[in-house]
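Mind looking over this structure? Questions follow.
Labels run A, B, C and D following the written order; every chain starts at residue 1.
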Amino acid sequence: MSSSQIPVAVLGATGSVGQRFISLLDNHPWFKVVALAASDRSAGQKYSKATRWVLDVPMPDYVKDMVIVPADTEAVQAKIVFSALHTEIANELEPAFAKAGAAVCSNASSYRRGEDVPLLLPEINADHIHLVKQQRANKGWSGCIVTNPNCTSTGMTIALKALDNAFGVKKVFAVSLQALSGAGYPGVSSLDIMDNIIPNVANGGEEEKVEWEPRKMLGKLNGNKIELADIKFSAHTNRVAVIDGHTVCASVALANPIEPEAAIQALRDYCAPESARELPSSPRPVISVRDEADRPQPRLDRLNGNGMTTVVGRVRRDPILDLKFVVLSHNTIRGAAGASIYNAELLVNEGLL
Amino acid sequence: MSSSQIPVAVLGATGSVGQRFISLLDNHPWFKVVALAASDRSAGQKYSKATRWVLDVPMPDYVKDMVIVPADTEAVQAKIVFSALHTEIANELEPAFAKAGAAVCSNASSYRRGEDVPLLLPEINADHIHLVKQQRANKGWSGCIVTNPNCTSTGMTIALKALDNAFGVKKVFAVSLQALSGAGYPGVSSLDIMDNIIPNVANGGEEEKVEWEPRKMLGKLNGNKIELADIKFSAHTNRVAVIDGHTVCASVALANPIEPEAAIQALRDYCAPESARELPSSPRPVISVRDEADRPQPRLDRLNGNGMTTVVGRVRRDPILDLKFVVLSHNTIRGAAGASIYNAELLVNEGLL
Amino acid sequence: MSSSQIPVAVLGATGSVGQRFISLLDNHPWFKVVALAASDRSAGQKYSKATRWVLDVPMPDYVKDMVIVPADTEAVQAKIVFSALHTEIANELEPAFAKAGAAVCSNASSYRRGEDVPLLLPEINADHIHLVKQQRANKGWSGCIVTNPNCTSTGMTIALKALDNAFGVKKVFAVSLQALSGAGYPGVSSLDIMDNIIPNVANGGEEEKVEWEPRKMLGKLNGNKIELADIKFSAHTNRVAVIDGHTVCASVALANPIEPEAAIQALRDYCAPESARELPSSPRPVISVRDEADRPQPRLDRLNGNGMTTVVGRVRRDPILDLKFVVLSHNTIRGAAGASIYNAELLVNEGLL
Amino acid sequence: MSSSQIPVAVLGATGSVGQRFISLLDNHPWFKVVALAASDRSAGQKYSKATRWVLDVPMPDYVKDMVIVPADTEAVQAKIVFSALHTEIANELEPAFAKAGAAVCSNASSYRRGEDVPLLLPEINADHIHLVKQQRANKGWSGCIVTNPNCTSTGMTIALKALDNAFGVKKVFAVSLQALSGAGYPGVSSLDIMDNIIPNVANGGEEEKVEWEPRKMLGKLNGNKIELADIKFSAHTNRVAVIDGHTVCASVALANPIEPEAAIQALRDYCAPESARELPSSPRPVISVRDEADRPQPRLDRLNGNGMTTVVGRVRRDPILDLKFVVLSHNTIRGAAGASIYNAELLVNEGLL
């Protein structure tokens, strides 16, 4: 481990999001994985033995012989802790780690709504990270909890930010076609999705997240709190037979209605805030706009910008609101593990570690 | 052929919709298939030799040895002619058959917008069939052309009718997840849809149809013409990896907003007009409303009511408009061949043959 | 219940094979379902509440309000008991029911290898049913246990019987492409099978069954025991992305090698033994041979003969052994629930109930 | 273009194999693409406009603005010509290019059986390349034609070579489960393969290739000709719902039967001939043997060694012959475009350009 590298850990390392963390952290220029934590059932085993690896990229060599430790603050000693824990477990463990001094970069939904918890997509609201100061003051923690949103909100909210900056967004209809990997492993039974779609995700809970989380991320940091954006959302969420990549069909009303061409230009011109622009995981570009009439498509476009770029297409007039478009985002990279890593990089860059 | 049976023909008999016509007409109580017409390439061959049968129900025995004839008014002698022709061919042939005295029940889009051409879903607008009198007067035909809508509009429009009757519908957002069979055979390449979705159907033409056709069907027959319903539609159409069954996620604004429970009741109580209620192909029930949080699903629900019933689920409040719901319809039965047959039955029942 | 109907029960009624039993027993001319048994977790609930129905045919009305009972001989009073139990549970429960007087028609593998237990495919070895007399003598049971084979062996063994009768079979290579429903529900994760195959089923256990079970079924009943057929089998088993229908590619060596045409004739001419020929579930025909170069295919051919017919195709010369062919069988109908029902009908017909 | 780079061309550049050539040749250390040829319909257009790109890796920048030329020896000036042409076109064009001085590295089947045409998998029969000297003498060409085998033969033959070297192979049963990309684009209709398998490929022609081509590749170069290996093959070929990666279940008889463990060792120890070992496209390793009971799997293992490695698993005893195993190979990389490029590298390395 180079002296300049920061020791990090992955909680929930054997699950599908945990695997994506491990894959994306292979050869990371700033971070070095020093601990893999999982349930007591796996603790004590070598990672390669305890894990059913489900990614189509191979398991990195560096983890194969690492011995899994329990997910507690004794066993896990790291400056940054990436959390791929289930909500109920994250509820308890994440504050414990923050209290013990770790920066918890969490993919769980437990604390996304916390008033002093940043809900981040660095390319659109990097400044929200300063909420951690308030969080530390409130809680007396030396560490902190920083979160990323639900994978379905992710790409859509990034596209909306570009439009909101330029024209003001007032209302959003969103219908998702979500990938199977979003449900974890084993997740969706093959008998439920072959020759089928499921017109619901997480028993409707997904729709509430998609209707609320973007309002926080598109909101303004005013002093020590976020003012939710004054935008109305309506969401239908669906599961489809796609491995990776969530697609959203969106219709939006704008404060200052414009032609599709102007919207395309605003999406193409969108730049991340300076502090989030040149980090190792920064999407390049933030948004890619396709001209073809039948793109984006998950299989063909999800790995754009190493899975961190938001891909938009079919920007056109909407007969009821103002604009319609389609947006695609890789749900386990930009929408999960890559998101938390990007957040951690921002923490480092802002000197908040 | 029983003396009481009506001789019918299928144009475009070898294609996938033609096959569905042949399957649904097997043992029909009123109709007897006397001619199968297809392109010159197939004419003269036995049906079983000329056809690559793609349905998962077997080819009925009655057609196996029938010899295919050319699609012209000489070779095809039938009172009712079911048209599964491509638009360009339908443009020319359908009027020729109508002039020659046949009742053309068409699945093609060629004449759906004709001012004197009924665009029918008998369970919601059976009275529109009387437009054929005006059509005959205008054109001097002894036959007629009667059409059914695009398969994506079908289920959604039936559900909307029940709501429109009860509460008045003002605006509709519709996002479709459409089955592969809607593109015909060979249609969509497997390489385009495996592990993928295509966020466009028919190069956008589908969306125009979905935004216009329901307005005609939900319109009022006023004297000799249809007044388009004053409803605004916005549609996104997508192709997904489902064999049969189009799903639509819809959000609607109502003139008289109500609770989801009242909407469910109105959908369940909906009855077809009397003239369309007891026909051989009448859906029983017209609309089935599911209570489960994850239904309708194409694979499990598309054959409801022999593929003629419209299945609705997830009726709930919409944060922007009034209601959200999901609607499923079998695209090659209720949305294509079954639709044309139901229209033909209505013609007979109304004495308009 | 008509006085002539026989009361039957389904053990394991909520699982996917249990559902298939319930579906196939709807309106059965001889049997009436009087009890549905499942795990203690479900007992006491209405069937429609306790069950996640996964078939694409709807749940029959007759079961919806039946209350599930525990799977014990007190709660379940029926002449015939259909067992869709897991092996470990079947190990204990099936003898208990046989002892209590029920004819257990089992789809479980627990007793298939029992020396006095018939392993039946009535269309090929109906005479083996007389082993139950020996079984009753050995065990002192008034009831009995009768089994059907593994779903992968089923179609292949039926085709082999026709060839064995005519030409003698000596060696068989078999490679299966097995459907997802064979693994039950939830069974195979969608992430494991989308854009994939799994070159193993049941951790290799499936191959042992396929290499042994056909030898018993093709064996001779000699007095009170079965002499295993002197045929060598080699099997590879694979899971593929098909919902229903197991396909097997087979190559066989014959005692009396013949031309493919003669083999096709023998397959087409094959008749079930008389006692198994006219039962309600008898396949009609037993074997269907397709002439097309690319059949059988699961989606198109699995419902042949209501899912009870074995479909064979591509009968051709094998460069190493004598013949190659492809065989398809519906794994949850002919290969599971339909098999046990057909066995029960044979028991009744032979006066062995 | 660096002075040391060799100018190469791709014939059939817009098709799916052509796309894979273009993708694999991006940043190739030895070769530089100077011409893209396709049908007259595409000639004159920019590559990015004329091509429907179907790979999930993006189109390389270097080809986007190249103008497609006709596939003739005037328009295409290159030392090496990669042929992704259809057989009928390759029949005529490949000799014309060879006559004009190009080294044609062909993926077409046209000349694979030519007595003086090398059929190469460099990691197993690199010495066969010296047949080109005889070919040049016979034909008077300054160029040459060098071929790679059918994609289904590829992985299997490589595994067989390791076994043949060590123990002698006498008989091979092979059943393939082939990916959709092997049929090109648009290739297999989604309606033919969803919830289905097709038990035939290329109308049986595939099986003849699989039963003959390995005999040539495993044969010995004796003076100026190849003596076919004395091995009998029997093949069944199937199409399954997998995007990339052909799986073969194989059973083999050996001259010197051994335990599975010895076979695994021989497969793991196998080394390419020295001349083929350190080329840019050399597989590293040649063969990877998996220990897990359910591997190889196409989605998880096809990109092993950048898609050039042959992956073997489930090596076990066969009850009829000696060994059974499963072998996986990426059909459009190792089995098509990567194969031709590896052949070209061998030509260069052997000074035969």
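Everything below uses one rule, namely that contacts are C-beta pairs under 8 Å (C-beta built on N, C-alpha and C of every residue); 3 or more make two chains touch, one makes a residue touch a chain.
Since the model is a prediction, treat every value here as computed from it, not as a measurement.
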{"item": "Selected pair, greater C-beta contact count between A-C and C-D", "value": "C-D"}
{"item": "Cα-centroid distance, chain A relative to chain B, in whole angstrom", "value": "42"}
{"item": "Rounded Å distance between chain A and chain C, as computed from the means of their C-alpha atoms", "value": "48"}
{"item": "Centroid spacing, where centroids are CA-atom means, of chain C and chain D in whole angstrom", "value": "42"}
{"item": "Residues of chain B engaged with two or more neighbouring chains", "value": "54, 194-195, 241, 243, 299-300"}
{"item": "Overall pattern in which the protein chains touch one another (line/ring/star/complete/other)", "value": "complete"}
{"item": "Interfacial residue positions of chain A with respect to chain C in the complex", "value": "16, 54, 180-181, 185-195, 241, 243"}
{"item": "Complex interface listing, chain B residues touching chain C", "value": "53-54, 56-58, 194-195, 299-300, 303-304"}
{"item": "Touch list for chain A against partner chain B, complex", "value": "171, 173, 175, 177, 194-200, 203-204, 211, 232-234, 236, 238, 240-243, 247, 249, 251, 293-300, 313-314, 318-321, 324, 326"}
